[in-house]
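Structures given as structure tokens follow.
The same chain A turns up in both complexes below, where it pairs with chain B and then with chain C.
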Partner chain A sequence: MAAHTSQSVAKAAGDGVENDAAARGRSRRTDSGNTRGLRRALATHWYAWAMIAPVVLVLGVIIGWPLVRGVYLSLTDANERNVARTIGARHIDATYEFVGLDNYTAVLGDPVFLQRLVWTVMWTVACVSITFTLGLVLANMLNRDFRGRAAYRMALILPWAVPGFVSVFAWRFLFNRDNGILNKILDGGGIAAIPWLDDPTWAKFSVVAVNVWLGVPFMMVALLGGLQSIPGELYEAAEMDGASAWQRFRHITLPGLRAVSMTVILLSTIWTFNMFPVIFLLTRGGPGDSTEILVTQAFREAFVSSPRDFAGSATWGVLILALLMIFALVYRRSLRKQGEVW
Partner chain B sequence: MRRGIAATALVAALALAATACGGDDKDAAGETKAGGELSGTVTWWDTSNDAEKASFQKIAEAFTAKHPKVTVKYVNVPYGDAQNKVKNAFSSGSDAPDVIRADVGWVADFASLGYLDEVPAETAKKVDSEFLAQAAASGKYEGKTYAVPQVIDTLGLFYNKKMLADAGVQPPKTLEELKTAAAAIKAKTGKAGLYLRGDDSYWFLPLIYGEGGDLVDAKNKTVTVDNAAGVKAFKTARDLVTSGAAVTNATDGWTNMQTAFKSGEAAMMINGPWAVADTYAGDQFKDKANLGVAAVPAGSVKAGAPQGGHDLGVYAGSKNRAAAHAFVDYMTSQEVQVQSAKELSLLPTRTAAYEQPDVKSSEMVQFFKPAVDKAVERAWIPENGSLFEPLKVEYTKAITGASSPEDAAKAAGVEFRKILKGWK
Partner chain C sequence: MTTRTRGARAPLASVGLHLTLLGASVIAVFPVLWILLTSLKPAEHAITTDFVKDPTLGNYEYLLESSHFLSWFANSVLVAGVTTVLGVFIAATTGYAVSRFKFPGMKPLMWTLLITQMFPMAILIVPLYNLMGDLGLLNQPLGLIITYLTIAVPFCAWMMKGFFDTIPVEIDESGRVDGLNPFGTFWRLILPLAKPGLAVTGFYAFITAWGEVAYASAFMVGEENLTLAGGLQTFVTQYTSNWGAMSAASVLIAIPAAIFFVFAQRHLVAGMTAGATKG
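== the complex of A and B ==
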């Protein structure tokens, strides 16, 4: 279920970035390490192994191989001019060379990297915290009995059902300064037009707003699920003891939601960090380069200038992956300290 | 960016696979068999805009009348995505078009990567003798001809005759006159004087040429965008907006510009012949005579507009090169050029086409031809097309005030030198 949101959005841009990262984040297994146990497991569950073998193989091909290849490319000077290519019957051999860590020093030494990183972190924190808060509020509101509850739930999940790129393009029309509906409405109220996508600050606000709009349904559904698993007796007992609504929320709801929230926050952070389509389709990183995040910058490095710099792009990709892995490790450790079992 | 890695890996894998079974049977399908009838499918990727595409599709498919055994597959690729799409297709070889309509700025890039097939010697001779010299230059790379010019264009100042007359102003010849005119228009009609496209750096070129500058000096391998003239150009752009003479947008510039001009929200815009057909469709131009075109306003040095246009090239890996070259010859023939001049006001690249009555009678062609003759030729280097993206970033920053003109010029210079390695 979790993978769905990211998939629809990611596919829209023809991009599978977020998925892999999320999948990897979850696929950590504890290893028994005991050979005898392993042999026994193989003997009794050989059919299970046989059945997952194709999946493992496919994952290895579509995730493992590009990953290894990407790390290797980031250590070379590969670009469009020197990679091997076949044009009809003619074949041109690869002539790129191994350059060690040159690409990394170049990227990390460029002030652009730090600028993008700062905004990427701000964007991620803003999106995740707003999405989570809104999701929590909505989930709480929908968790009580009232007439037409199903209809409300449906309506709130709708943004999730719409393909990501359709949503983003729709928002782009709404935001258009001269002909967009938002400014027409403001104009009707006598308020001057807002340069939604033409001013760096407003553009940042706009991309965050769209991403929140896209992300809230998932948060809401996940948290709603969490809420429903909290036994009602707890609330009844607390009420008997005279706990106020806030106290009940603070001491029953929040701890009860803990496991779910930690998971969705981690997933959401990883997705948002790499949320290519929203930025790329809404502002193309603009105006200027003010909303450019790390992934869109990497795209620009690889696909916009000529010759396309594959090595440079791979370097950005590896750095992004490294950042996310460090984040996941730190996050996991801090959860452990708080006594969560992961 | 994982997609990049995956794509590269895929390309590399495909290339490896192809080497294994490739062999060296170069030119297997390339040569025109004398007397042999052409057959097969020619896929053409056309980048013309919404107003033009129906006309081009019709013209392209009429090729079958000359060569009944050849099927033309017309594909319209939006201009903005085309360079990337074409490169993806060319480098992987799968589903690549046989013929592409390339912006003049892309030809050297594609040719340098080995993607374009050299035109047959006979066609090359014709390009040299029968086409406008500036147009012919755009299809060459290192002395060889890789593409045949289809249309040529440049930017001009489009104006709404009625709005200017109402405000009692003449079409401005300089930026100073433009500011005065814009103030008068605003006072009289409450509408904007000029719509200046802020999200595409091609529209910035007249401003930099106007100050006597250029993006690069290819002869001396020097980046010139950040010299005094360049800085002045960024200042001019900013000044046009802050002084209220021009309105602009940092996104959806093309649509907003056309909408504003067609509906009379802006009295002038800078645009090229490819916009004429779409502009005529607007409310303000039901009477075509209301559209006037003048040279772009001059800066402190001169009035200069870039030479643009589109060339047709054949993919070097095409399975059907003979038919593809024949298709290019047809699409760049005089009849076809005259027809697109008549229907779409596009400028022919063949010298003799300008003698044809249909071309002579087109007011737009009559205006743009002298403008094209004077247009500034860009440096036909492979990196030409990639200079626009970093320039766009800085141009937008300067025009919206996110960055000072000096910083914008400096930053553009830095980015240019990253692209043009080893240049001063």
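== the complex of A and C ==
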């Protein structure tokens, strides 16, 4: 299905423009010809259009409009003091002004942006690569035939069954410096307490560890599905030819998992890049701002810092979206170069 | 692969396999188990390492009687439930249309559905916050429901397309032969067949709304208006840490989700990856 959507936007958009232009051109010449074309299109496609109408309407109103407004806000100096608001019965009109690209130059010119970006990328790469590797190893193990398989599988997907924010709080409890079980265990072994969440480096380690813990089950189940779709005959044939376990893994398993891997890596990259709850609930971006990623920074601007900076937050939001779109385009292009249909 | 008998695996490899899986299982299960045990300890013992000493339901009693847990729970059920029903309802016909028809506007629509799923909440949260403020919907479940639809609708449409794709087109064709129009075909033939897919989509939409943190933290304030994601945060703040209540609440939040989950998880992955792997 993605094959359809993977035709580039530019092309799809371009088609639209051409059609519109052509239609307009025609309408100037023969109005009736155009209406006939439109009527024919309506007659053929009205079912489809009627069926997608609710979604188009909803997307337009609650995503399209706020998106446009978000971009506009990023070009203003809106904050909590100058936006329209109602205090009691009194309504105060908005007084913020259009400031052009000032917010962008301010954010991009501030070293904070680069710091956040670097850590966000590190965080994403670390989380996705570790999660994928562990998922792959565990999936390969579970794909064998042995006693207790079902029980292990059940245990290993448990983290996925618990709502994310609950798990994060559980980990906050385990990580607690003075009373957390992790430090008590270390203490039992005579090792000094580790400031899991209170030291910038350990905090980074901790947030990655928790996110990996949360992400491995999905990875594992998805890859296990992929493994089970690889025909067993391939392995038998390879074994007959004397291929070692490693060779079988490299030349049968990895290529066989390609489609699934590409998908889960893309999905988990985007999820991790935008992973708000883990950072926000585990460290609040701290200590200091050492674990703050781009998304939590955008949240902080509008809802934590004082005065709340709506324009600044919108600017961070637009920048994050732009980065993700660039990433998605580059990822797809590189896949296409390798001859992947996706 | 599973059908092959591999009697040749060395005993050492077998031990290694079990040890690794056992270790991984302990890491996976322990945090959850520890929270469950903590919830059964008297509040003053919450931070001890004793497995269970004087087990008590005191934390649960406190939670249900002296905290706003029940209203948070009700808020979450309301918000996530209505989001799910609306999301599935609005998105069902679109999933069907993009699965079955080729029409002008389809490619841009598919593209939009895909892009919006990777939208960071950071881009919409401020405009939506201001919008809800203008409409007087901050602190209202309705405001959060509308907000969550921005996540649920594109997601549901995308996932349902995947499920409709698995239903043979011949069924549609036979419906057309019997004189049904596309709506009739959809309603009478395809929708009943797609029920399991709808259920899984709905389940996932529910879980997503159930676990959402950012919008819930920003839009809902005031103790009794919170959803669970916001409420749980109040137990462990900068100043107080009521680990006993936190753990009891965690257990009560996780159990219903986990039970559903165990039934649905196989289909979840299929639905999520189907979109991208079935070229």
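To be clear about the criterion, the second predicted complex is superposed on the first by the 292 of 342 C-alpha atoms of A that agree within 3 Å, B and C clash if a C-alpha of one lies under 4 Å from a C-alpha of the other, contacts with A are read in each partner's own complex, and residues count from 1 in each chain.
Definition applied: contacts are C-beta pairs under 8 Å (C-beta built on N, C-alpha and C of every residue); 3 or more make two chains touch, one makes a residue touch a chain.
Not measured: the values here are computed from a predicted model.
Novice: Would you sort A:Ile92 into first (chain B), second (chain C), both or neither based on which partner it touches?
Specialist: A:Ile92 contacts chain B only, not chain C.
Novice: With the two complexes superposed on chain A, say which partner A:Glu80 touches: chain B (first), chain C (second), both, or neither.
Specialist: Touch partner of A:Glu80: chain B, not chain C.
Novice: Between chain B (first) and chain C (second), which does A:Phe146 come into contact with in this model arrangement: first, second, both, or neither?
Specialist: In the superposition, A:Phe146 contacts chain C only.
Novice: Of the two partners chain B and chain C, which one touches more residues belonging to chain A?
Specialist: In the superposed model, C touches more residues of chain A.
Novice: Please indicate which partner A:Asp289 is in contact with in the superposed arrangement: first for chain B, second for chain C, both, or neither.
Specialist: After superposing on A, A:Asp289 lies in contact with chain B but is clear of chain C.
Novice: May I ask you to decide whether A:Val212 touches chain B, chain C, both, or neither, giving the answer as first, second, both or neither?
Specialist: A:Val212: touches no partner chain.
Novice: Check whether A:Asp199 is in contact with chain B, with chain C, with both or with neither, and answer first, second, both or neither.
Specialist: It touches chain B, and chain C stays clear.
Novice: After the superposition on A, what does A:Pro307 contact: first (chain B), second (chain C), both or neither?
Specialist: Once the two structures are laid over each other on A, A:Pro307 reaches chain B alone.
Novice: I'd like to know which partner A:Ile230 touches here: chain B for first, chain C for second, both or neither.
Specialist: In the superposition, A:Ile230 contacts chain C only.
Novice: Have a look at where A:Leu59 lands relative to chain B and chain C in the superposition and call it first, second, both or neither.
Specialist: Touch partner of A:Leu59: chain C, not chain B.
Novice: Take the contacts of chain A with chain B and those with chain C, and give the residues found in both.
Specialist: The answer is residues 16, 62, 65-67, 69-70, 73, 83-86, 172, 176, 178-179, 295, 298-299, 302-303, 310, 313-314, 316-317, 320-321 of chain A.
Novice: Mind pulling up the chain A residues that touch chain C in the complex?
Specialist: Against chain C, chain A makes touches at 1-5, 7, 9, 12-13, 16, 19, 41, 44-45, 47-52, 54-56, 58-59, 62-63, 65-67, 69-70, 73, 83-86, 134, 137-138, 141-146, 148, 152, 154-167, 169-174, 176, 178-179, 181, 184, 213, 216-218, 221-222, 225, 227-228, 230, 232, 235-236, 259-260, 262-264, 266-267, 270, 273-274, 276-277, 280-281, 294-295, 298-299, 302-303, 310, 313-314, 316-318, 320-321, 324-325, 328, 341-342.
Novice: So in the complex, which bits of chain B are touching chain A?
Specialist: Touching chain A from chain B are residues 1-6, 8-9, 11-12, 14-16, 18-19, 22-28, 84, 87, 90-91, 93, 109, 112-115, 198-199, 249-252, 256, 259-260, 265, 315-319, 382-383, 385-386, 389-390, 393-394, 396-397, 400, 402-403, 419.
Novice: Quick one: which bits of chain A touch chain B in the complex? Just the residue numbers, please.
Specialist: Touch list, chain A to chain B: 14-17, 20, 62, 65-67, 69-70, 73, 78, 80-81, 83-92, 94, 172, 176-179, 195, 197-200, 203, 283-284, 286-290, 295, 298-308, 310, 313-314, 316-317, 320-321.
Novice: Mind pulling up the chain C residues that touch chain A in the complex?
Specialist: Going through chain C, the ones touching chain A are 1-6, 14, 17-18, 20-22, 24-25, 27-29, 31-32, 34-35, 38, 47, 49, 90-91, 93-94, 96-98, 101, 103-116, 118-131, 133-134, 136, 146-147, 149-150, 153-154, 157, 161-162, 165, 181-183, 186, 207, 210-211, 213-214, 217-218, 228-229, 232-233, 236, 241, 243, 246-247, 250, 253-254, 257-258, 261-262, 265-266, 269-270, 272-279.
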